[in-house]
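These are the structures in question, set out in turn.
Heads up, the next two complexes both have chain A, just with different partners, chain B and then chain C.
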Partner chain A sequence: MTADASVSSALPGRRRLASRTVATRALAALPLLALVLWLPSTNDTYGHVATYAAIFIMVGLSMNVLTGYTGQISLGHQAFVGLGALTAANVVKTGIVPADPFMFGVGMVCASAASGVAALLLGAVALRIRGLYLALVTLVFGSVFADAIFTLPSLNGSDAGVSAYRPNSLASDYRYFLFALLLAAGCLYIDQRVRGSKVGRGLIALRENELVAQAYGVSVLRYKLIGFTISGAMAGLAGGVAAFWSQEFSDKNFTDVAGFNLALTFVVIAVVGGLGSRGGVVLAAIFFALTSPISPLLQSLANAMHWGTYYGNNKFYVSNVIGAVLLLQTVILNPGGLGQVLRPFSRWFAGHPFSLHDPDGGDTTAMEGGGVRA
Partner chain B sequence: MLEIRDLTIRFGGLTAIDGLSLKVDEWEIVGLMGPNGAGKTTAFNCITGFYKPTRGHVLYHGRDVTRVPPHRKAAMGIGRTFQNVGMVKSETALENLLTAQHTKAGYAALHGIVGSGVARTREKDLVAHAEAILDLLGLSDIRDRRIGGLPYGTLKLLELGCALATDPELLLLDEPSSGMGPEESDELGDRLLALRRELGVTMLLIEHHVPLVTAVCDYVYVLNFGKLLAEGDAEHVRNHPEVVAAYLGTEAVAG
Partner chain C sequence: MHELVLAGGTPFSVQLNLLTPLFDGIANGAAYGLLGLGLVLLYKSNGIFNFAQGEFAMIAAIVTYVFDSGTGVLPNLPFFVAALLGVVAGVLVALITERLVIRPMFNRAKVILVVGTVGVALLLIGVEGLLPYPKTEQLPDIGTVLGVRPYVAKVDQIPIADQDVAKIVMLVVLAIAAYVFFRYTRTGTAILAVSQDSTAARVVGISVERISAISWGIAGLLGGVAGILLAVPPQGTLTPGAFTGSTLIVAFAAAVLGGMTSLPGAFVGGMGLGLIEAFANADAAFVPGLRSVANGQAELAVFVVLILVLLVRPRGLLGQES
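== the complex of A and B ==
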């Protein structure tokens, strides 16, 4: 290619200026970061819930890679999270003593690897079928896989659960939160790198049009499997963190209705957050963690309004209804999800002038363009 | 460079292409014409590997590539555009040009996922290359626009840019001038000739616009109902009685 490169030579100056603006504006996010780091340290319950939010962020990003970028739907993601939890608990085998730090690390890696491989296998199925049929297959895969493997007595501690005590250095809820936050940040980094490299571009091209992707040289086979594997590995890691968060692996969290509820919540996080929108998905994950039945947030809100008993009896329904309502709201009124709402801010942080009107319309096609094949 | 030998493809009872043979030599711009449903796009899909022909061979640089899958053909240097604009609609013009450089990225997928130094350096090169292509086509001002809302003519031009970004030796263009007015189409003709002159790209194009074909094509094949009707230079083909009959009906010829 002998085209002249004078365009790019004019850019560095402008770019340096932009990066200084970005650095200044990033300072605006510091109070938020301070809040995230400080609040969970004030009380054990906050630390516990904040860790749950970090786990949801990891799963949310896992869904973002699979559904947002690759355009494949999964209604069986609880199986990958559960497999991660099961693997971590069984590899580390703490018994009644705190985990050995080295084995703990090995357990996390194994959790991620196991779910990555399982997702790869599901991806092989997805090469053959698409749309509603794929959604059905993932649904069946999720529940059958969970019911068949998680309930094996040798793997679930003979139905009593497998204990997973944290290593001493992470014993406090706050420390464990910092650990989970670090891994969530790691997933965020991977998501960002995927999006900024040929991998994410290949996945998105696949999502929109397999013929075009192939004409650009993207192998459908390879990239679908890559999408599934990255997603599975993130979900497995989240599962590993979850096992040591609750300090045991119990199959009951991932099978039957509880498991299906989780799977639905994961899909809702991805859609409400905005398909393919990292920031939106993180925000949605935090929201759904804070309004989940394990969080005291809604309980204290209900107490204040004298509905405490009612809420206490109906926690699970309430969180399902919140998810369903937000899902409908997103699909009908705001197809770009939270990511779309956040765009003026994300553009501002990227060094553009602040404007509520989005000059290029934003990426709403992830939903509209039939991108998600279901 | 490209040779098709006795290509036949059937879909159930329909013979879309029947014993087509054609040849494209290095540096040539070859036109493929024919009425709607003649099998032109089907021929493209056989060349690029989206369809597996029932019979016959596709040779590229003398090598039989009939069964090579499409994404590998892209890596071999066969670029293509689509009839109804094939690009990633939710992405910006720049991102589309980056996507198109997939096989030229020069780093492994894993490097991209973990964000290694190699990938970051190469990404900068890819952006510079994409910007150079935008500049070449005079599209620099739509660099960061999502392409979903752009006018059709601009999309066609950008798609040509994307096809160029795959760094092809052979470019298959499916109706590059559709949606363009006469002036734009003249401009496109000059552009195609310039591309050949500067980049040495060989082209095979499906085109209905006769002035454009006459201006750029060294050789023209005309298809009708999957069969080769006529071949030769543009002037010869244009006056060929069977070609006129195929386009306008037999009475027009008689009259």
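== the complex of A and C ==
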């Protein structure tokens, strides 16, 4: 999968690998890559769900940049996604015809910019104060403020939704999936660059011990703001993709209980994936997209076990329980998340010999340092 | 003067009745304050935001409902017995949360603890959703139980609803009780000591684990009482997540307004925000620009208040300097 490929280049101090090593890794990655590229092409529903997974990956990485690197948490990320979707749909204004490819691109950029600016403004207020006030501010922003904005008749097509038809070149579900996958890969790259850059190192230092980092000249507010803005922009881009995925912006997906559920799902993805671990977050995003109420996976499983009706009536609650149980077991028993569990494999893909022991402990357990204070 | 009439000049000659939003605001404010008390308590003792507080309340409301109405095989108990069982259920869920989620993570980063409470909230919403009880029902309010329905008095033709009085009385009683508890009892002072410096508290012989369990138990109790008072007509509901998705969010903003560390602050903040919301909704003519915002005035007002408090006075109205 794309995650594995990225992990190899993510490790600091890249070494020159023997060509044999590279060849075995490539050989192992090939079937995964083929699966990711081939399976969604076989069936429109698969393509649809796979695109949903790609959107979840983008939001998951956005949460990863925020929570994994800055040690803050957002409980209103659905608002950034929704704001992106709203912006994209209203900028492109397709009406009943396919979007103009140029305007589609402009819409994506605007979606990203709108949410980035929103994050910057919110962060400027909340990150000044020590503690986890960002969680509160984003919560109120997501569930209260965004509700008021998203339901404005001029922005949500007078409650009927704003249509957002894809450009002709991306009309099929599979092609749109490839487009979303490309953007998800882009987010993965940005995430990796953030982690490896001066800002990323500064953020990790802040997360570990704010006072020490400050003493070394790391500006707390500035670095956290940069992190949160990148996170918001990424979520906005995911929202733009989501608008054209469902081919409309409807405020109902991002407000009230549906929106709140979405916000919590994003938290679950970031935590279960392993805070600060890209590969884990990508896998968690795929898992939660596949088990989400929009995916037919659990429904067909339930049908096979004659629980079809029960599941059909309680989809949202079932996905809540799955998410919550995985979240709680992760924070209590397995703080590194999926990223830590999969570390032997990701290390192997990075060119190290396969070993269940982790000689350098891994970055994902760094959350345990306790430098994050409230 | 009970009625203010704005007429002439504006194209909308509106008749503003200030009593209705006043009563609404106080009643809603009491709800925010009730949930806010538990939030402030846990912020004081553990230093975390407890996002599961709304579901502690919901569990209590559901348990009260199923025993009060005798759902399924359950006995049909008198309301106050059912309510007692409901509050006990709230306390139990809070204690279990403390034992299984909070205590194993005592020394971990605060953000992880907050994520833990989010997980508990999510789990409780899911489990409640899967339980077979009528989710659109409401609890009978205290007024019905006591036979003073639907209102206790009328001021200027405007009825003061019995359930609102019950909320306000309960909020005042609980706020004073909590204040006395923290001020004058050994356990209350011990909770404060642990919150200020857990190592030092341990040195003088306070069991940090016991204190944590006690504060979560009290939070469950406060949440349970709140739930039973909130799930009543006209707006109350037993839908899973209803308290978390709406009331709790405003309760957090209210607690920040009052000062996260101040118990009377939860009361003041709750009332303040309830009133701001009610008046923002009462008529958009108060702020001309808001006319174009359909139904969103109250929401916008809550958000603006939170942002302003954080910008201007992060410790809130009554909070201490951190």
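Brief remarks on what is shown
Please note the rule applied: the second predicted complex is superposed on the first by the 337 of 374 C-alpha atoms of A that agree within 3 Å, B and C clash if a C-alpha of one lies under 4 Å from a C-alpha of the other, contacts with A are read in each partner's own complex, and residues count from 1 in each chain.
We adopt the following convention: a residue touches a chain if its C-beta (ideal position, glycine included) is under 8 Å from a C-beta of that chain, and two chains touch if they have at least 3 such contacts.
Keep in mind the model is a prediction, meaning the values are calculated, not measured.
In the overlay built on the shared chain, the residue A:126 is in contact with chain C alone; chain B does not reach it. In the superposed pair of complexes, A:144 makes contact with chain C only, with no contact to chain B.
Contact with chain C, but none with chain B, is seen for A:324 once the two complexes are overlaid on the shared chain. Once the two complexes are overlaid on the shared chain, A:72 sits against chain C while remaining clear of chain B. In the superposition on chain A, contact of A:136 is made with chain C only, not with chain B.
In the superposition on chain A, A:197 makes contact with chain B only, not with chain C. In the superposition on the C-alpha atoms of chain A, the part of chain A touched by chain B in one complex and by chain C in the other spans residues 369, 371. Of all residues in chain A, only 67, 71-73, 75, 125-126, 128-133, 135-137, 139-141, 143-145, 147-149, 151-153, 256-257, 260-261, 264, 267-268, 271, 314, 316-321, 323-325, 327-328, 331-332, 335, 367-374 touch chain C in the complex they form.
Every residue of chain C that touches chain A in the complex is listed here, in rising order: 47-49, 51, 100-101, 104-105, 107-112, 114-116, 118-123, 125-130, 240-241, 244-246, 249-250, 252-253, 256, 292-297, 299-300, 302-303, 306-307, 310-311, 314, 322. By the touch criterion stated above, chain B contacts chain A in their complex at residues 48, 50, 69-72, 74-75, 79-80, 82, 86-92, 95, 98-103, 105, 107, 109, 111-115, 119, 123, 127-129, 131-136, 140, 144-146, 148-149, 162, 164, 166-167, 198-199.
Contact residues on chain A toward chain B in their complex (touch as defined above): 1-8, 11, 189-190, 192-194, 196-202, 204-205, 208-209, 211-220, 222, 226, 230, 276, 360-366, 369, 371.
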